[in-house]
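Listed next: structures, encoded as structure tokens.
Next, two complexes with subunit A in common: one pairs it with subunit B, the other with subunit C.
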Partner chain A sequence: MNRPIRLKFFWQEYLERSFSLTIPLAAILAAFALSGLLILAWGSSPLEAYVALFSGAFGSPSAIATTLQRLTPLVFTGLAVTYGYRGGFFNIGAEGQLYMGAIAAVWVAITFPDWPSWLLVPSCILASALMGMVWVILPALLKARRGINEVLSTLLMNYIAIQYFEWVIRVDHAMRDFTPPGGLGWAFYNWLGLKDPTQPHPKSPFLVEAAHLPTLKSILETPLLQGWLGGSEWYQQLLSVTALGRISLAPFLGLFAALFIYFLMFRTVTGYRARAVGINPEAAKFMGINVPRTLFTTALVSGALAGLAGGMEVLGTQHRVIPNFLVNAGFDGIPVALIGQLNPLAVLLSATFFGALRAGANKMQVVSSVPVAVVYVIQALAIMFAIAGTTIDIGLALRKRRVAQMRREQETLEVESEAANA
Partner chain B sequence: MLDQLLSIFANVEFYAAIIRMTTPLLLAAMGSLLAEKAGVVTFSMEGMMLMGAVGGIIGSGVTGNVWMGVLLAILFGISVGLIYAIMAVSVGAHQIVTSVGLNLGALGLSAVLYPLVFKRGEEVIQTVIRVPSMPLLKIPILGDIPFVGNVFFNHLPPVYIGYLLAPVVWFILYRTSWGLKVRAVGEHPHAADTVGISVAKVRYATILFAGACSGLAGAFLSIGLLGSYMENMTAGRGFIAYTAIVFGKWEPTGVLLGTLLFGMADALQLRIQALGIGIPYQFLVMFPYVVTMIALISLVGKASWPASYGSPFRREAG
Partner chain C sequence: MSELLRLEKMRKTFPGVLANDDIDLSIEQGEIHALLGENGAGKTTLMNCVYGVYRPDRGRIFWKGKEVTIHQARDAIALGIGMVHQHFMLVPPLTVAENVILGLPSPREPLLDIKAVEKEVEELSQRYGLAVNPSAQIWQLPVGVQQRVEILKALYRKAELLILDEPTAVLTPIEVDELFAVLKSLKEKGISVIFISHKLEEVMKICDRITVLRDGRKIATLKTTETTPRELAKMMVGREVFLKIDKPPLKPGEIVLKVEALSAKDNRGLPAVRNVSFEVRRYEILGIAGVDGNGQAELADVLSGMRRASSGRVEILGKDVTDCTPLEIINHGVAYIPPDRQHTGLILDFTVAENLVGKSFFKSPLSKWGILRRESIEEFAQQAIQEYGIRTPGAQVKAKLLSGGNQQKVVLARELSGNPDLIIASQPTRGLDVGATEYVRTKMVEARNRGAAILLISTELEEVLTLSDRIAVMYGGEIVGIVPADQADIHEIGEMMAGTKRLVDGTLTLKIQETEKAYESSD
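And then the complex of A and B:
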């Protein structure tokens, strides 16, 4: 038997009881303040830089569209880490699951380009979720059946997935009008491939229009809405906002996913079991919960969410994959989840914080010549402060509990001695 | 295809390249092994290496002396280690999340520090800056042995430190009282605490040592192999080093083999890519991870990581 790695200490239990946004918000403010010193050292005005950063993230419809695009994958990976962590499965393999999800979505879209949109888009989404699950099955089984640490196994699966992606993006896709070189023996090989054979560089073909997630613009332009609202002035004004063409349904699906996970976690038996196992597997077993099966289910939900992150990015934003199409979104899910205090709804906020920083960084660089990389420092500091703050808070809560317990013991002793005296 | 492959294996330079590719992994992994043995997850190696890489460039570029670069790299690595130790040991924060944060911070800070130091006027430098880099050190006599000399004894100085590190770490761990303390802290911090070993002190010291070694590994990449700096130039080597520790089941010999396996896959992959042989080199890169996965699955009977792995020590929480 492998020894369990006790990475979680009181976290779950603590977060079950109390939840506040004070620590994350204070951490973010402190991170901005401290990073201001770095910007000063660079020779720019922190205030000017932050104003540019903010307006680059929220200052215009186009900025908001970019922020929404950036935050969507983080919402999904953040939820994946949150649900897994709460259920005792610390999934640091979201990066790999995300890549596999994206591969699956692209593969379905370029293999069945004739399917109508109502069939193709859901199929792609489903494929990405399934593939994310597939990629977590092995670590999940190892954890549930043999207690092999999931942090190590999911980490390893990341690199296997990324290398698989690096390969598959360089193999010509067997499209209809393309005969694979090397005859039939290569047919299967090319059948797996994602590369556009007409391109010299490793890129997948652009997905057909039918595989794109609808944008707000295309929804507004449907005949139904047009006939209904076509006359009103604000409708015409709204249509003239070009950024609506860049806002797909993906962020709204992210919102839906967060609500769904919240419901699943706090309002269903599945979620209750998962949390019970996350807090204390021994106690959960004593309560009659099938711990291995619960762990397995939790891992699958987590993997599906991470897979969806890849699918959403491909179907909603980039519409194809290239090498390094989405770097670190999986790993960033970990701090997104923890700054969000492992609460699905707060994950939306922390993903917005991360996404907005990434979206606004370019404008900050243009306006005040501060390098984009400063936002990584801001994020890192926010993570460190939030994690330190929460840990210290947990320590205080524990101490308070211990003091209360000691007082109770003291009182019992006194009562007993009084009884003995009388 | 086969003769091209054979030509790779027939070339002395390939074997020297394996040693070169292994060195940064070996320095980081072996340097961090003590901290790992003391129960600390050193997932922050990537950040330590990255800061070491940029520290090396800054020290070497500003002073014009490559050894000042090495010194600064080690100091930068130790600084990251110090922050990590404060968070992981004193605060008792979640070690993997802290590491993810530190790695992200190092990515950002290194990308800001480099242009900050080498900025000329208002112009942010675009061109590659060359700084003094480490000289080759050919070991007398040993370096003249045919084949063996060129493979093992004609390298940059950190390579030899890497050679020494494995036996030294093994010796410290298993033949000194200090190593006994390290293992006691990792296996049973409460017992160690009871007999008067300071858990915090041991963990601080080992983490700082990990920082110094990882910083040196970073300097080996920037002012050793390349002589210049690129953004995110460690490119995940810190994570590979961590994987090598898992592969090696937390034992010095195993970790040595693990880093060699990854180093070999890397050297071979680069050559196959350069020669344009039609072998999917991605599977070569993937191979050591698959082997590590198998090693993880087959960890039967014997626990390999320290019992207190990843959990902070609290005296009161028994």
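And then the complex of A and C:
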């Protein structure tokens, strides 16, 4: 008696899930359509432009490598915003945490260049996550203890982080072959600095090889794999693809992070508490959940993810920091999270969308003379449509009807059984 | 008597819900007509259609024999229909007279002649025995008087038919009597009243005819003199209801909750609970009666760890739990049914299963090493759904989609699952229909029979009277009397609720306690 109902209900669920994916997809399509009009007005063919955009993002191994590089920091900041938001901590400070994470990773790499790769890379990653956490502690405490709005405090922390970065990148780093002038105080000052003393411009030294995240190429070239697969033809072919040298482990760590955050959010006690506090802190308190502590933990996780975004960019892609090395990746985490419907797995898709736009923009400009800025129009429109789309909750309407029907069915059953008893 | 209003085949649907299904209704001049039904039976919807708030899908409205169309409230008012909503539509800083003419032209346009209005309001108030001072500001007036201002507003607009939506929900027993007197005088002057309610006794007391609605359908229209509460209850629910809950007399056991000279402040920092002392024992339900806003909510908050006490002491099974966190208090074996299930009782965006495990999700077997075990949770949820008869398509449905009664069952299942020693139930049946109310009450009595101590806080006197073994009355943050339920006199309790009588002298008990403390410290 129960089974057909549950089976039907399963389909209902399935339908609803696909609807929640439909909204962002429809938003993206609508954004492309509307921007097409803009491109037409510009005097180019939208179709041609979009084909160029797509091939610039996915058309060749090299294009894919670029897309992966672009999307990686967005995955991490998108996850940071998603987890924070779901837990009632709207982290606008991913930008600042990202900068601090990058600083930490670079600092560890240039301070301990002699460490072996297996120690140095994890240390750098850990340092970036920790520094992201440190940067969120103050807003988190203010929010948890005093209820001070985290939107404002995390936003303001961004400016401090960016200015600190601008300063630290102009201070000579005390390296082995560079003895800083002045006394002990200056030694500490230079110990903090990130600038390559041999260079006139504000930029950090290029990180030693041991601090680079392994690339697909370097993994393929390890003696173990070489000995194992060395003879086969496709292995040689694969090695000849130079783009593999630009694909580091970072995007794969991003994938892992998304899976991990999904698990943390929906399958663990910590995630349950975080979501409860995020939806209804008052009810969570009545259930005995320690709301301030939960908020604090949530903020730390969010900060760590944002810090990792900076670390991954430095260790996997740029291998050094320069002024404006990664602009707005932190802020872009917010639309990435929104289009991803605040779901860690969907964040992967929306980050891919954002990354592909950035990667393909140049080719679009070259091929169809449509300016790169159109990409940001598409992006902005997609965000607006996605937000507007959330008001059309088809899934909820469907489910409401289902529940009402369910109730009627059950009542009939009860009446029947009562009649049978009597 | 002539017919004033007639409704024919009124139908109103909301997406997925048939709220009114071809309802016929006839109201005569000068009668008090009850619309009786459970919550969600469609009473308010029907009246909102008459008052022009909703547009019915189909159906005809006749006013004094002529067919009329009502598109908005203004049309209804022009005909002579007035409605007093459950939540008053008054502007607190304005005076009575100012509220009365709000939206109407002044007698001396474009100048505001408030004196003339005040005079007319005064006359109306005298004629119908309303006793309202037209120049008083609304916020200064008690709820009962505010309600009479709403009635005045309708009368000033020359209403011949008054629709009152659950008018007694916010009133003390004395205010209810006053309201009934007003209704009688309105009736004598030829004004018809539609009295929306789900309370049988009141309907029986004041109304001439009763129309019972159930699930959006009209069941019957009866003369009050020709029916019984039992018959009406059966019609409302569709089956026999046990209005009296079977409660065996039990001997109270050890003291579970002991409250000593407890005081607490409200959100504005003003004293809300003043020097309250009582105890609740095993096998006992202590009911706290009182009009809403007399410190009961703050008392419950302090006992459940949601609010700090400003002084005094709370003990559970002999252990001091004053100002412990909610979790610590839960761990002492306390269950709390909060007054507002939508905001504090449940997380509506969580699934039924997630809500059901809200107090045990971090314990074995529901989780292990911090990882939730989905099968165990599903099993736990299915068991609770079965045991408490929660009507839901499944455990993975969001709680917000359930009806009020089923939501409250989820709260009950969560709170009662660990066989708590103490249950604090704050307004456990507020807004529930008769069937769900009966269920909740039965569960509470079961818990008492099992040996739990129960503190029941309710503004519905009837509920406190049916369930409690002892009754405490709160007024102005103090407990003004505690009486055994079998010796309780409803009038005496009503007087205590209104603050006109007290059995316990607050200052005296305080002095006794102080002397006791002095003795203890000298030892």
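In this text, the second predicted complex is superposed on the first by the 372 of 422 C-alpha atoms of A that agree within 3 Å, B and C clash if a C-alpha of one lies under 4 Å from a C-alpha of the other, contacts with A are read in each partner's own complex, and residues count from 1 in each chain.
Definition applied: contacts are C-beta pairs under 8 Å (C-beta built on N, C-alpha and C of every residue); 3 or more make two chains touch, one makes a residue touch a chain.
Since this is a predicted model, take the numbers as computed values, not measurements.
> Which of the two partners, first being subunit B and second being subunit C, lies in contact with A:Val134: first, second, both, or neither?
neither
> Comparing subunit B against subunit C, which has contacts with more of the residues in subunit A?
B
> First (subunit B), second (subunit C), both or neither: which does A:Arg267 touch?
Only subunit C is touched by A:Arg267; subunit B is not.
> With the two structures laid over each other on chain A, which partner does A:Ala276 touch: subunit B (first), subunit C (second), both, or neither?
A:Ala276: touches subunit C, not subunit B.
> Does the superposition put A:Leu156 against subunit B (first), subunit C (second), both, or neither?
Touch partner of A:Leu156: subunit B, not subunit C.
> Now for A:Gly288: first (subunit B), second (subunit C), both, or neither, which partner does it touch?
second
> Taking the superposition as given, does A:Leu126 touch the first partner, subunit B, the second, subunit C, both, or neither?
Neither: A:Leu126 stays clear of subunit B and subunit C.
> By the touch definition above, which subunit A residues appear in both interfaces, subunit B in one complex and subunit C in the other?
5-6, 9, 402.
> For subunit A, which residues are in contact with subunit B within the complex?
Touch list, subunit A to subunit B: 1-3, 5-9, 11, 38, 41-42, 90, 92, 138, 142, 146, 148-149, 151-153, 155-157, 159-160, 163-164, 166-167, 170, 331-332, 334-335, 338, 369, 371-381, 383-384, 387-388, 391-392, 395, 398, 402.
> Enumerate the contact residues on subunit C facing subunit A in the complex.
Contacts found on subunit C: 15-17, 239, 304, 306, 325-327, 330, 336, 338, 343-350, 354, 358-359, 361-362, 367, 370-372, 374, 391-394, 396-398, 401-403.
> Could you pull out which subunit B residues touch subunit A in their complex?
By the definition above, subunit B touches subunit A via 41, 83, 87, 91-98, 100-102, 104-112, 115-116, 122, 124, 231, 239, 242-243, 246, 280, 282-283, 285-286, 289-290, 292-293, 296-297, 299, 303-305, 307-312, 314, 316-317.
> Applying the document's contact rule, which stretches of subunit A touch subunit C when the two form their complex?
The touching residues are 5-6, 9, 13, 267-270, 272, 275-276, 279-280, 282-290, 397, 399-404, 406-407, 410, 418.
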